[in-house]
Amino acid sequence: MEAHRFFVQIFYEDTDHSGVVYHANYLKYFERAREAVIGAPRLVRLWRDQGLGFAVYKATLDYQDGAEFGERLEIRSIWRRESDYRLIWTQEAWRPGATRAAVRAEIHLVCLDRDRHLRPIPPWEPAAEPMD
Amino acid sequence: MEAHRFFVQIFYEDTDHSGVVYHANYLKYFERAREAVIGAPRLVRLWRDQGLGFAVYKATLDYQDGAEFGERLEIRSIWRRESDYRLIWTQEAWRPGATRAAVRAEIHLVCLDRDRHLRPIPPWEPAAEPMD
Amino acid sequence: MEAHRFFVQIFYEDTDHSGVVYHANYLKYFERAREAVIGAPRLVRLWRDQGLGFAVYKATLDYQDGAEFGERLEIRSIWRRESDYRLIWTQEAWRPGATRAAVRAEIHLVCLDRDRHLRPIPPWEPAAEPMD
Amino acid sequence: MEAHRFFVQIFYEDTDHSGVVYHANYLKYFERAREAVIGAPRLVRLWRDQGLGFAVYKATLDYQDGAEFGERLEIRSIWRRESDYRLIWTQEAWRPGATRAAVRAEIHLVCLDRDRHLRPIPPWEPAAEPMD
């Protein structure tokens, strides 16, 4: 399976006073990439029509390098449906020209209803729909 | 009227790679201070029981100095009910030992229902209730 | 002068529990758009080679409407060099299909050196250089 | 060893449109708690005098529940020096009155110099110094 590619421009807001991207922000970038795969219109309809949303259940992050202001990060994502109740994503953030990922993550997603009860992952065809 | 005082500790997350607090974050600090004045339990009840929330309608910010990592900012807030539909807050962020405010703001608040229609500001006694 | 157009996809991270974009985040979107106009590589070189950066000196924001999850906002920016020391930006955030801007802002930028002393705005040709 | 306790008030800025705290924000809360343990003045001196800072090398997060607007979370932290080069923190976020943690994390910290080279963890006495 080929990884889905998504790009993130690093702005002032992303860095901290040490000069590199603040560590929590990579979780944002990985989520943006997942939303691009699943498709924002589908996520909007799921929430509005069925009251369903995805939630992070488990996240593991390995930090090897720090991205800097002005860079354009490449987020590579692959995913698998481990069960009716869990999607597992392997995601990486690559700095321009790098020979290894700056940050690697494994993210487990579940599907919750408005009362935050577990629900089966709805059927979907990843990336079948453009993001906007 | 004496200003309400609220304190904000500046963490890594607050700064950007220029070494000082990212400019948008002062809007967060001013909101935290307003929520301390109004009282979080009251805000929770307003939203849950009446579907009402406060929204920023207008904000003016003057930046004179930049706060740094590790500092504890003092947020000074005064407010007035300009009409049944608008609260006006004058808020300042002070660095430790400073002789003038680092950032000054005037923030206009309105009250909206869940459909985002304008509603009268509910009666309240500021700071009558502790925050937590 | 024609406005520069820049697009922002609204993700989970952008919204708050009232269902719309958190008010401070528009300052981020306006800054992203300004960085797209000025050019990230130029900003990186200015900081690295001359120790110069832009800072927000004054910001005025008018909120008329709230953007929602899944939308793609259009940021329209025009700017003028008011003096050797100040750039003034008029920026608007437009929801899809809207007939008026959701948020309008006027942002005053100055140029500071590493010691945060005021310096003349360096000469630049806006948008002459692609962002990445 | 008794856990260090630190409190986080949940504001509008912390939640997303699903009504609970945005998942990446717990990494911020855990960092705030670590900075409270280590002491902001010490962190400022380490950076200014020796060019040293702590960086997250690995993070594992388990999400069991979601905190809501207006709540005051308790962050419980314990830590150990695993080697001269690594501190391991076990941290939990507790909602008021909960019988189990909402989020649990294991965070590995390393110490980096300004060139982002690995350096031994400097000697320190946790919590020996008040935060502000």
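The chains carry the letters A, B, C and D, assigned in the order they are written, with residues numbered from 1 in each.
What we mean here is this: a contact is a pair of C-beta atoms (placed from the backbone, for glycine too) under 8 Å apart; a residue touches a chain by one contact, two chains touch by 3 or more.
None of these values were measured; they are calculated from a predicted model.
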(request) Tell me, please, which chain's centre (mean of its C-alpha atoms) is farthest from the centre of subunit A? (result) B
(message) Contact counts by the stated rule: is the higher one at C-D or A-C?
(response) A-C
(message) Counting only Cα atoms for the centres, state how far subunit C is from subunit D in Å.
(response) 32
(request) Just give me the whole-number Å value for how far the CA centre of subunit A lies from that of subunit C. (result) 25
(request) Give the residues of subunit B that touch two or more other chains, as numbers and ranges in rising order. (result) 12-13, 18, 20, 24, 28, 31, 47, 68-69
(request) Using the touch definition up top, name the residues of subunit B that touch subunit C in the complex. (result) 18, 20, 23-25, 27-28, 31, 47, 53, 55-63, 65-66, 116
(request) State the interface residues of subunit A toward subunit C in the complex, per the touch definition above. (result) 9, 11-13, 28, 31-32, 35, 40-41, 43-44, 47, 68-70, 72, 131-132
(message) For a test of understanding, state which residues of subunit D touch subunit C in their complex under the given definition.
(response) 12-13, 15-20, 22, 24, 68-69
